[in-house]
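Several structures are given next for inspection.
Paired with chain B in one complex and with chain C in the other, chain A is shared by the two complexes that follow.
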Partner chain A sequence: MGKILIVDDTLFMRTLLKNILFSGGHTIAGEAADGDDAIEKYKELKPDLVTMDVVMPKLNGIEALKGIKALDPNARVIMCTAVGQEQMVKLAIKSGARGYIVKPFQAPKVLDEVKNILES
Partner chain B sequence: MSDMDSYRSLYVAESRENLENIVKNLLVLEKGSDQNAIAEIFRSAHSLKGMSASMGFDEMEQICHAMEDVFQSIRNCDLQADSAVIDLLLKTADDIESMVDDIEAGGQGNSPNLDQTLENIRSWKACRQDGRDKAMPGDLPAPDELPANGSASDWNSLGTSVYHLNIEIDRKCDTKNLRGMIILQNLEALGEILDVAPPQDIIEDGDFDGIIKLTLRSENDSEALVKAASVSEVCAVRVVSPEEKTAPVLQEKTAVRDDDIRDTRKAALPPSGKEREVKNIRVDITRLDHMMNLIEDLVINRGRVLQIAQKHRMKDLDETLNMIGRSVADLQNLMMNIRMIPLSHIFNRFPRTVRDLSQKMGKEIELCIEGGQTELDRSVMEGLNDPLLHLIRNAIDHGIEIPDERQKAGKPRKGQIQISAQRDRENVIITIHDDGAGINPEKILEKAVRKGIIPPESAPGMSKEEIFDLLFQPGFSTAEKVTDVSGRGVGLDVVRTAMQAVKGSIKVESEPGTGTRFELLLPPTMAIVDVMMVRINDRRCAIPVNNIVEVAALDGTRIHSIGSRETILLRDEILTLNRLEDMFGASDRSEILVILQNQQKKMAITVDAIIGQQEVVIKPLTKIVGSCPGISGVTIPGDGQVVPVLDVSSIVMEN
Partner chain C sequence: MVEIPVKIERQGTWHGAKLAVEKDQITVPAPFSMQIPYRQVIDLTERKNILTLTLKGPPEITLSLATVPKALQVLKKVIIMSCSAYRLAAYFMSPAVRGGVLVKEARWDKGSIAVLKTVLWFVSEDKQICIPLRDVTGIELTTRDVQNKKVDVVKIDHMEGTDVVTSFILCPLSTLQVLFNFLKDTTKDMDMRGDELDPLSAQVGMLVYSGMDSHAIETMLSVSTNELEGVYDKLLKLGLIEVRYVRREVQMTPKGVRFITEAVKPPAG
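Take a look at the complex of A and B:
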């Protein structure tokens, strides 16, 4: 069970993800709606794990990931991606993302990924 | 999909926001290439797609995907976003809007035009692309190798071992390459990869069967390596270190399979824990309305208790009630603020209207919007969209001239419409200003006489202001012919009526040849109003303080009769006097004059006495009572009696 920071520019996705994570017994450290906010919240909340959307206003998910990794090289960040964003995810993995989940989210897959990464 | 229904309203609200963002940025893009606008449209289309996929709205997902594709192409290939594609995408946005409407009504967001829309988008793409496609700069994998963690010398020290790992990714996994990359990345962090099969670039391409064999030098034990390699969708990891050749570590993992998937979203409530507060919440507006009603009732009942306390001289209760009074006032203020919405909410739709109409009418128009951040109560805002739209359509249709005509008149070919909003003390002022042909007062007069709105003899001597005011009379329409842009002769009287419904007012100024300016004056909120309580013929009545200019003693004021009307002379001004006898009956105790004003027009009424000033909640007359001329609503002060509120605008205008 971990303390998770959810980063997505839509309240819809954040709510969906929050409910999935709740159902898996995780706590929500906080939410951020753009990349800048994500880095700030990471500093402030020190979550165990971050779920990071890729396409966002201001700073996108890859840049935010890099920012978080610069703050904390051990940060566990999972990318939230959609079909067709493979190149982006490759870039994210090279920038230190530890995992990824694909939209539309399926609760067991999301929880499995989160569990795996929290345990690693 | 029924378990997703609880997300429907959230979906609808956010979809509309994203759609608005798409339209707004399409219009920006139309003016010239703008990387930021492209990125914004792409992002919004992407968000819409993701949400739609989650909700299972397939058609919506397809349309958004197609739209996203177009912008990917524009971004990748430096394709110009010409007006053809903007048109196409705006139409697509319209389709999406009606799909969202359908979803809001409980449907699946199916579009009758889906195939056509998709075909249109695809054919646009196909004809523009001509092989110029290249990968997005942001999408390109970085050319450098996986980042090295730790220096090579670390691995040469004592205590490192060489391990051979066999990793098997689930065959069903359709992103073996990404999983493979994560595995390599994780292992790289624990040691030095000496050899990997298939080679790293093949893994990245995903062109392999899911089995990765690698040799790794690490100072970590095999358990750590298994853990690092056991990412999602990995079914087995086998580690063989030189020392343990005989006893391989084998870990079987079960990947989640699609057929195992159950929905656990609704399964459990959040466990009690240190859950962080969410800073913003979305609330259904009907709940706020309900809350507002409850607060109003609270205000009314507090007033009643206060009167009871005073009647029985209960000092303790009085003090407590004062405290409650303060809390209630704070609550009221807070509620007012919560209900405030920035005007940009409706202003944001206008660029699209102006664009479409000006194109249709062959006019060149630049729209300039200022003060969108000015806030208004939701109830006022609701009644404002149509009147504003009407005025803008008028400006485009009748105001701004066609480019050639403008050029002949020595004006820039491009016309300008300016919409601005600002807060002015208690009110919000919205102006709509165009630099078009303006309105000729003589033409108005001539038409008003012709249509029988005013008798011919009263035409001479009318002030410019009065003449322009004729525009708002029922049955008056300056358009020479009816167009489908500004409607079938529905005139400005409708706009004025709509404004009065939200307790606002409207006036117009115009200069032939230079343009027209409409000014709308609005109360920021309608519900709570400062009133003066007066007594007329033994009945109480409330008059909004905003409309009162002066209070004077009737005694000594000379009343003149002009025809059937009474007038008074007050500070060199002749004012009509209305004793409101048709509303309250004749009173023989009239002692006080109250001077009312609405939009520069003044008049006097007589009252018996002034009771005092207080803030009241005005409730509209119900449908059962129907509309009652001169009365805008009722209020219930502390004693529980129902008191009418004077509708100053209609009384003043009637005189």
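Take a look at the complex of A and C:
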């Protein structure tokens, strides 16, 4: 079970992920609504894992991922994007993302992926 | 010729037999005494180690066979590659995404795609994937990076049990277009205008897709049970959801209140 930071600019998706992760026994370390906030919260909360939306205002998810990796090269980040933005996958993996989920997603699969990454 | 021990279903009873798998046909010995030319097979579906063949009619005949997985694999490959189907050489990646999570070990397999009456088969050296056409939830002609080149692919979203799976097919564009048009036409019953749902119903739909139960949905969207029931009715009417089970909400009777009250009293003496 891990302490997880949820980063997404929509309250709906944050709430959904929070419910899914909570049902899997994880603790929600905190939430951020943009990339800048994500980096600040990462510094402050030192979560075990981050779920990071790709398209966000201010600093997008890829840039925030790079920022977090610069702070902590071992950071575990799962990128989260909408259908049709799969071209971002390569860029995210190259930038150090451990996993990738595409919206809409199914709770059991997300929990499996989180578990695998936390155990890796 | 290869002989495969199988069980064959006839009028609800399973009978043991040895199938002779020949170049152009399968021979089923007595008591069935049938010769099945591969070209006569128009459909082949699989469910838990049971293969069901549909033979050209009229009337169409269906035959269910069960055997061990290894023998089943041999049998499937022979039938799929020789039956009456639209077949094309292609690369496929299946599954590429499962339940929204990218499959890390996903790779392109070189093989064949066979489109039969009710199913689509992906067949390669080591994979045989059956996608019933009724389980196809989305088709898209799109592009994908393959060895740093943008190439046209058909993206197929389909159900595998309760999982939503995405697969990709890669072959020449003209063939992709034929396949895309066929699949689009086959699944046109599922097409919607896109404006059927109000924002609340769309949010409820998204939460159901993600696996949230009614209680979680009510809490997340701050809606009452009655409001949620209304949304469910709308989604049911549109054929977007089905009832999994009905959960009861109960309250104590006077007898129950008395029992619980007594039960929590400290023991006398």
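The rule is short, and it goes like this: the second predicted complex is superposed on the first by the 120 of 120 C-alpha atoms of A that agree within 3 Å, B and C clash if a C-alpha of one lies under 4 Å from a C-alpha of the other, contacts with A are read in each partner's own complex, and residues count from 1 in each chain.
Here is the rule we go by: contacts are C-beta pairs under 8 Å (C-beta built on N, C-alpha and C of every residue); 3 or more make two chains touch, one makes a residue touch a chain.
Fair warning: this is a prediction, and the values are worked out from it, not measured in the lab.
K.L.:
Using the superposition on chain A, decide if chain B and chain C clash or fit.
P.N.:
clash
K.L.:
Contact-wise, after the overlay, does A:88 reach chain B, chain C, both or neither (first, second, both, neither)?
P.N.:
first
K.L.:
For A:27, is the partner it touches chain B (first), chain C (second), both, or none of the two (neither)?
P.N.:
In the superposition, A:27 contacts chain B only.
K.L.:
Output check: A:76 vs chain B and chain C. Expected answer is one of first, second, both, neither. What do you get?
P.N.:
neither
K.L.:
Under the stated touch criterion, name the partner, chain B or chain C, that contacts more residues in chain A.
P.N.:
Of chain B and chain C, the partner in contact with more residues of chain A is B.
K.L.:
What is the contact status of A:12 with respect to chain B (first) and chain C (second): first, second, both, or neither?
P.N.:
both
K.L.:
Considering only the listed stretches 115-123, 205-213 or 259-267 of chain C, which one runs into chain B in the superposition?
P.N.:
Only 205-213 shows clashing C-alpha atoms.
K.L.:
Which residues would you name on chain A as touching chain B in one complex and chain C in the other?
P.N.:
12, 15-16, 19-20, 23, 86-87, 89-90, 99-100, 102-109, 112-113
K.L.:
Of all residues in chain A, which touch chain C in the complex?
P.N.:
By the definition above, chain A touches chain C via 12, 15-16, 19-20, 23, 86-87, 89-90, 99-110, 112-113.
K.L.:
Give every residue of chain A touching chain B within the complex, in rising order.
P.N.:
Its residues touching chain B are 1, 3, 9-13, 15-16, 19-20, 22-25, 27-31, 45, 55-57, 60, 62, 82, 86-91, 93-94, 96-100, 102-109, 111-113, 116-117, 119-120.
K.L.:
Show me the residue ranges of chain C that touch chain A in the complex, using the header's touch definition.
P.N.:
Touch residues, chain C against chain A: 97-102, 104, 144-145, 162-164, 166, 203, 206-207, 209-212, 216, 220.
K.L.:
Taking the complex as given, what residues does chain B use to touch chain A?
P.N.:
Residue positions touching the partner: 7, 10-11, 14, 18, 40, 42-43, 46-47, 49-51, 53-54, 56, 135-136, 138-142, 146-147, 175, 177-178, 181-182, 185-186, 204, 227-228, 230-232, 255-256, 258, 260-271, 273-276, 278, 282.
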